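We call the chains A, B, C and D, going by the order they appear; numbering starts again at 1 in every chain.
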Amino acid sequence: MTRRHALREFARFAAASPLLALPPQANPAKLEEMINVFDFDPIAKSKLAKPNYEYVTGGSWDEWTLKRNRTEFDKIILLPRFMRRVDKLDLSITLFGEKLDMPILVAPTGTHTMVHPDGELATVRGAGAAGAAMVVSTSSSYPLAKIAAEANRPLWFQLYTGPDLDGTRDRVENARALGCKAICLTVDAPYHAPRERDARNNLVRTFGEAKAGPRRRRYSEEAATSPFGLPMRFQATLDWSFVDQLCAYAKLPVLLKGILTPEDAVLAAQHGAAGVIVSNHGGRYLDGAPSTIEMLPSIVDAVEGRIPVLIDSGFRRGTDILKALAIGATAVLVGRPPLWGLGAFGQDGVQRVMEILRNELAWAMGLAGRSTIASLDRTLLRY
Amino acid sequence: MTRRHALREFARFAAASPLLALPPQANPAKLEEMINVFDFDPIAKSKLAKPNYEYVTGGSWDEWTLKRNRTEFDKIILLPRFMRRVDKLDLSITLFGEKLDMPILVAPTGTHTMVHPDGELATVRGAGAAGAAMVVSTSSSYPLAKIAAEANRPLWFQLYTGPDLDGTRDRVENARALGCKAICLTVDAPYHAPRERDARNNLVRTFGEAKAGPRRRRYSEEAATSPFGLPMRFQATLDWSFVDQLCAYAKLPVLLKGILTPEDAVLAAQHGAAGVIVSNHGGRYLDGAPSTIEMLPSIVDAVEGRIPVLIDSGFRRGTDILKALAIGATAVLVGRPPLWGLGAFGQDGVQRVMEILRNELAWAMGLAGRSTIASLDRTLLRY
Amino acid sequence: MTRRHALREFARFAAASPLLALPPQANPAKLEEMINVFDFDPIAKSKLAKPNYEYVTGGSWDEWTLKRNRTEFDKIILLPRFMRRVDKLDLSITLFGEKLDMPILVAPTGTHTMVHPDGELATVRGAGAAGAAMVVSTSSSYPLAKIAAEANRPLWFQLYTGPDLDGTRDRVENARALGCKAICLTVDAPYHAPRERDARNNLVRTFGEAKAGPRRRRYSEEAATSPFGLPMRFQATLDWSFVDQLCAYAKLPVLLKGILTPEDAVLAAQHGAAGVIVSNHGGRYLDGAPSTIEMLPSIVDAVEGRIPVLIDSGFRRGTDILKALAIGATAVLVGRPPLWGLGAFGQDGVQRVMEILRNELAWAMGLAGRSTIASLDRTLLRY
Amino acid sequence: MTRRHALREFARFAAASPLLALPPQANPAKLEEMINVFDFDPIAKSKLAKPNYEYVTGGSWDEWTLKRNRTEFDKIILLPRFMRRVDKLDLSITLFGEKLDMPILVAPTGTHTMVHPDGELATVRGAGAAGAAMVVSTSSSYPLAKIAAEANRPLWFQLYTGPDLDGTRDRVENARALGCKAICLTVDAPYHAPRERDARNNLVRTFGEAKAGPRRRRYSEEAATSPFGLPMRFQATLDWSFVDQLCAYAKLPVLLKGILTPEDAVLAAQHGAAGVIVSNHGGRYLDGAPSTIEMLPSIVDAVEGRIPVLIDSGFRRGTDILKALAIGATAVLVGRPPLWGLGAFGQDGVQRVMEILRNELAWAMGLAGRSTIASLDRTLLRY
């Protein structure tokens, strides 16, 4: 009998025996006890149904990229400098002609009602209270108009195309009409994601809605017309000419989200994109793709400052953000942390998550001897 | 009392005490719940006697090479490209003048009746239903003729020589007569394998049969005439002149299976081999040998396209296969996965395993921006 | 039910059930049973309140730098040489014109009464009995005059500035008047430390005192006038001109403690510092900063012998100290080890800790074929 | 309550409660069930008092070098070649004009009666039965004459000097008179070893005897006249002139055992040594020293074939031995494995251990395509 087996048997025994009735749960955690972003994760987990929690937190296939998103930060060391005045810290940046209070945005993630009934309405209020801009997903639970009505900071719109390209254009124009400041076209999802947790949880994620269904059986069969029964998206049919068209009609800065190579970043600039977001979709699409922080230097170098380079995937600490900014990113987006905040405490949780990240960034800058975002460069780093 | 000790004691206690009688097993797993290839492993384990399961799954000595076969894939990163049409995916290849629906074959493994009573008959039916070619082992449980009668895809024949070289030639000619399309001569097994699990399980593996016996006691003594009591095979007496002879009389493409160095790959081409299979025998022979995926680049480079380079050992995910193909392999063979499928669900399990691998490969190609096998190259990879 | 969950449930069960009443504690450990410095840690832990123990032992944020302080020593290998007389070993050094019996000093740490009621009085007696010099913190629990009265080895004074720069000068002059031999200005703490353990323990650490308070709630809010609610120190307003002033009026050697880059070490020498202490504050300030042992070679090389380079952070073994001295450090400071000794056994514990480190250093030198500190150089090392 | 704590509590609970009385031990293990060298370790452990077992198995300080002795083998990969006749394998070598059946010797270790009452008498009989030469320690439990009387293979004599250099010469001449074929002077032990397990076990190891005593209290104080209370050996006073003298009067090949640098290996040759044994004393002296297998290449290169280079420390598998021989070692010594064999099964255990290592080496050579020791070179290796 192996150790693993013994433990498993113990667990089954513990679950089955009345002798092992457990004492009642400790008092639930409170918002004011949250010290860092990780603290929100187990609270959210305890409040959410397993399929919903795992939808938010899981990655694709073996979750190798998901893990690498965290471990690669450890390979970058911060070199603090001292005896420099750091009593005044300024986190603001200017992006597409607009001032942002801090270089941290809420990344686009779908269907926030899976996590909290107020969904994106709570998220946008919480983010705004903390001073953070937000990118709203095409797959939002609430209409963009309703979300925009609650926003007090810049909103951007994340775009998935559907089979109807005219409908896509309508979507973009609607976003612009509602005051969105930029369009983020997701480029890394030509097929739906191979997320096995969702399959095991019988969770079907489709455009703009989440529902339970008989997915486990051949979870790749839903798109019967696709090759090999794969769950293809319409985006599989797009090429760079679509970027040309979108940039032409959007009348807003268009960013390509999901870029992972210097080559695609240069192509993005050549095809009119106003920026790129280096992203592996939070480890949720091609497992085996690199972490974004390891690709960032070569992408920044290739783009040569022609367009801003933003980044997401795996950022959990102010020091993570500091590293990306020092490499040359203009801003950082965070996806799961505000969802943990939302799931754990609703709007207040989102606000606190964004404040913690902002304060950690400021704190790390102060301890490293840097007062402004513009002063950050690669002399701060050691590999 | 150490922690390990405490756990061991707990395990023994749990096994001995009637108080700890466990609730009945959950319902057995079903084929439609299998999401990936790993899922089949514990099912097969639960259905097989321990010696049989460990014979299939174990490796040699410390199983260092067995583990390295998995970990080395993690050192290769996939660099996806986007905004390329990927709605049509084609996995077919042409090999020795014949079209294969996919670049994944069932590797030769012996004695499938150790795993399922239908043995290779079930395997070849399942593989065929998924569109996969199969390599039948010299040590198959059923006669090649019976297996060939069930095949609807190309069969190849794996060759071990015996002490009777004329018999070897008969075997090759029989395979050709039965329609086999290629001969794979295994070159890495001049002695039987130092697999300690088999010794501990008193399992004797000999030519074409498996039976329990008093093997534990001096498990190297069975071949009394060998040096140091080692279990020598007749193959220990062969040299390259045998390859010359075999290639001369086979009248079929001859592949050498077990090649691990650029030097031997070049020698194989010089001695008339039609291809090589880079293999460490699934970590089952010389422990301390490299993983195959780490040797593949230098072997492909050395061969310079003169003959196709195939590969096996440790492939479990479509992304693993994608990495090998991008390095330059023509096709990939998988050994344990179809055996897990066979042990878990018989013919249907084999079919599902091969379909999963095929679909994962296609899915990974789509997410990486590649539509055909021919389009795969090393620009997809980062080390 | 996962394994982790099963274990957690077991723990709760064990805590709740009277059946699991444990046998009485074994006899308490004795000083003469302490073999190495690590042995003191669990004894101190068992005797201290959790907030106090964690204050001493914890690091900042994810404690990454705290861990790296230990792991980087493992990357340096010692190359012993033999057939050299080593029956006479001499550990003494001369620093700022004064002979020290050994190149190991007690590092400045604050508020020793958190660990033992006799505080720094016990520490200085214990250190002196072992022959070690000590650096007294600005935040000491007892007045410097009282501590100095107990010292029989050189004392140095660690300096934090307060908002009143005149008061700072008074502090320095007082130290000189009381016989301190050097001033160590801490440069790496412009803000208070992001130590989450302290926040969770509701521990407030301010200048010279420790008290419990409602810190958990927004633990960054205590300094309301700081940017982003960060706990700023007056030191955030200082720049190199303060070093110029301090060196001018101190009339003692001034060392800058907290230097982590060659650039700052060179600046220190240029601004009149008599030495630098390479330190990351024991992993207690900027998490993500490098270990000191990995930065030491480049700092020693940059300073080119103009001023002595001392080092602290993570030293626990005589071999750790040997590595730093061989790289080129003049002396090593240890912070937590004497505090463990103090917490575990008071003055005698401090003495024994310092003796153990001294003896281990001598022993390692003897086994490596080196008899004097001056004979240590980088030929002893392999990376 | 942490997981570790829960487990510890469980262990104490399990030990204290009559409910948890365990079923009787399984039948004791038998010699014929031993498959590899590791198998003997737990058997020996179960039969020996803890201080004795830990004396044999433990290392110095943090046992870092002890662990590195194993892990560094993993960085060397074996590159097997095929289609080479390997049906005849020859392990014999010629060393100092004498033929040895295999390039594996029993390393000198002290006081075998700590492990088995028959001590070195059983060891030398078992080694001889397997065809292995043995190096007898100065600290043997039985007189060299008695051991020599049982030997049927070459014996070498390991030399420690005592304070009486004339006595040392007598010892050497006695060894020669008793037929020893070489002298191995241990050079890496100028002080006794910092082995904390022995200190915690109150074990005193002195010249030629082992007894329990009050060692825990200041375990470094036993040699009161040494610097810093360290347990100095007379060898601390020696230098290279002693090697000159020893080589002059020994009239036997003199090997220096404990060499870890190319520089000392070259000095050894220059001072008349007939060979060196690269050794870190099994990780039992300077912790932080390198593994021997990582230093071997540079030592072999520096010696340039002038004298043979032997090696020990951490060899447990035939493949470990194969790696050292391929780098350029002439032979390998093994210390703990025969002691495990002796402790577990007496003379028969020693024999079986040495046979297993011999057979594994032969088996690995066969599987790698090498038939003789002379054919081994660095083309077999990949780093």
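By definition in this document, a residue touches a chain if its C-beta (ideal position, glycine included) is under 8 Å from a C-beta of that chain, and two chains touch if they have at least 3 such contacts.
Please read all numbers here as calculations on a predicted model, not as lab measurements.
Under half of the residue numbers found at the subunit B and subunit D interface occur in both copies, marking it as a different-residue contact.
When you average the Cα atoms of each chain and compare centres, the chain farthest from subunit C turns out to be B. Note: centroid distance subunit B to subunit C, computed from Cα atoms, is 56 Å. Taking each chain's centre as the average of its CA atoms, subunit C and subunit D sit 39 Å apart. Along subunit B, residues 7, 10, 12 each make contact with two or more other chains. The touch graph of the protein chains shown is a ring with every node of degree two. In summary, the structure contains touching chain pairs A-B, A-C, B-D, C-D.
By the touch criterion given at the top, residues 1-3, 5-7, 9-10, 12-13, 16, 61-62, 64, 187-191, 194, 196, 199-200, 216-220, 226-230, 232, 236-240, 242-243, 256, 258-261, 263-264, 267, 285-290 of subunit B touch subunit D in their complex.
Those residues of subunit D that touch subunit B in the complex are listed here as 4, 7-8, 10-12, 14-15, 20, 22-23, 32-33, 35-36, 74, 76-89, 91, 317, 319, 322-323, 358-360, 362-364, 366-369, 382.
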